[in-house]
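There's a structure below that I have some questions on.
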């Protein structure tokens, strides 16, 4: 092959050395030290010249030979790295816990984590609010002006969009829920379904702190 | 690069296609289906011409491009085997029974458990087919359209890869065995020798039932 | 396998020694065909030229020897022995013209075929293993560059599910919000006091229902009021304070202060 011709005197031996080097570098599970390849090569092989030749053979190809410290490895050409990343969209049903949490936030917003837990009767696992925020349906609104200043949660426009609501006031009220058979008619007279608050911030809320968006959970949990 | 020059009209596009194909194949441990690469290539790219060109570029090198069924992979050159040979410490050698069963399935496929037993003259112990399926070399293909509808077994692409076969027609000695009538289930004289059939399903096979994949043995044994 | 081959290179009579026989467990073979194949190889000729008759006799003799040592033999071996015995008889006895059964020659050809086929598969297996194997002779990329897949979850939920979830958990919360309804029960003593007060000094026959009218109107008190005041009225009768009368079954129960009680 033309690629091997540069080794004037012993082209066959050098070509063989190059093949072996190539195979060793390919099959190795970690970058390979030049000296580690010597036992496989012909006596007196010029390791530097060989690796240099091999690197030039792969220059501009889809795979290139790169140096990592004193070691060498084949790597996908940098401009083709996009091939190694792939975006994939899965549809998954929302868990019951997430669905219930979302429902409470929708009706009772702005609500803190503790308030959600009070309605649910169980604590919320860390992942649940994450999922809802990742889905883009729930956002942190502000902080309640009570001791501990807990974060308040509310729904987003994407929430309205996904559930086909024009406004939060479209959420069915007590009588609608009873009419649809979702609430039994035996609920006590004191039972109320709140009217969700759709505005920016209530009188009882402060804006979020500047660093709130970093890690919502840790802040929130420290207030529990 | 000179290697890309053969594509007359759009050398740059083809050069890019080749680089992408090279990168995708090089990045993967397992053989890659040709069609799976299409989304990354230019519209209307000629996959066969590209893979052919790439294979020629690597011919004679230390790493070569090999076909494995409908898939392709870079593998170290076969003639370097004595240099690179590693003792396999992590895999247990196959039992004689498993080896023979594998050979029978490879050469006779699709074959039922009863047919394998007929060739070996002994019943297959429960673990034998399991071991071969766990190794990824044997798969359930379908069901034979005979009374009892026994499951049929065949080999996988991983089998081709492991044993360095481009296709089932590469099985060593296949033609001789065919000629000698030894791949038949009947005494030679008035019979047609079936080629090992790697395709989807023969005329005599039905697709697997949905629950077949759960417990391969139980179905088959009930037909014994 | 090497072990059994070695044993087979000895002469058969030596196997008669108990110790030897125990090692020649037929389980060492991969079935009767395997055993036959080993025996056929001892004839050191092409499988197509072996003497099937001699092979059959050798197999039967072997099985007989093993059985004498009372070693358990798998059914496969016995089935083969029976078949070979039949084959032997077919080969030795001339065949009638009207015999539909396969001839001895056909059976012999079948046996030869099966032995040849098994041997061919055995060869094929070793030829496969002698190829350059992946991971032993040929290698895949040692440092694959995995394709990292960024997954975007598209969560599915609809308004109905949302509302049902909300209603269900709010309703779950209800029982804790108000006290358990206390059922009013008339104790017997209370019933008696109420009855005595109602009857007063009346000597008119008046039905129990009339006395209790105001209580029976309340659905949740009706049963207990009736039951307790009836019991209480029986108590009053026993004490001789009240008289009871009923004209027919299910007719109103009439009561009055007993005459002369006041006197």
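So that you can tell them apart, the chains are marked A, B and C in the order they are listed, and the count of residues begins at 1 in each.
Everything that follows uses one rule, which is that a residue touches a chain if its C-beta (ideal position, glycine included) is under 8 Å from a C-beta of that chain, and two chains touch if they have at least 3 such contacts.
By chain, UniProt protein names: A, B = Segregation and condensation protein B; C = Segregation and condensation protein A.
Predicted model, so just to flag it, every value in this text is computed and none were measured.
Touching subunit A and subunit B at once are the following chains: C. Greatest centre-to-centre distance from subunit A is found for C, with centres as Cα means. Computed centre separation for the pair subunit B/subunit C is 37 angstrom, with centres defined by C-alpha atoms. Subunit A and subunit C have CA centres that are 42 Å apart.
The multi-chain contact residues of subunit B, meaning those touching 2 or more other chains, are 26-27, 74, 76, 84. Subunit C has residues 139-141, 145-147 in contact with two or more other chains.
Contacts from subunit A toward subunit B in the complex involve residues 1-2, 18-24, 26-27, 40, 60-63, 74, 76-77, 80, 83-84.
Of all residues in subunit B, only 26-30, 73-76, 78, 81-82, 84-88, 91, 96-97, 99-100, 102-104, 106-107, 119-123, 161-165, 171-173, 177, 180-182, 187-188 touch subunit C in the complex they form. Interface residues of subunit C facing subunit A in the complex, by the touch rule stated above, are 139-143, 145-159, 161-174, 177-178.
Residues of subunit C touching subunit B in their complex: 1, 30-34, 36, 76, 80, 106, 109-110, 113-114, 116-118, 120-129, 131-141, 144-147.
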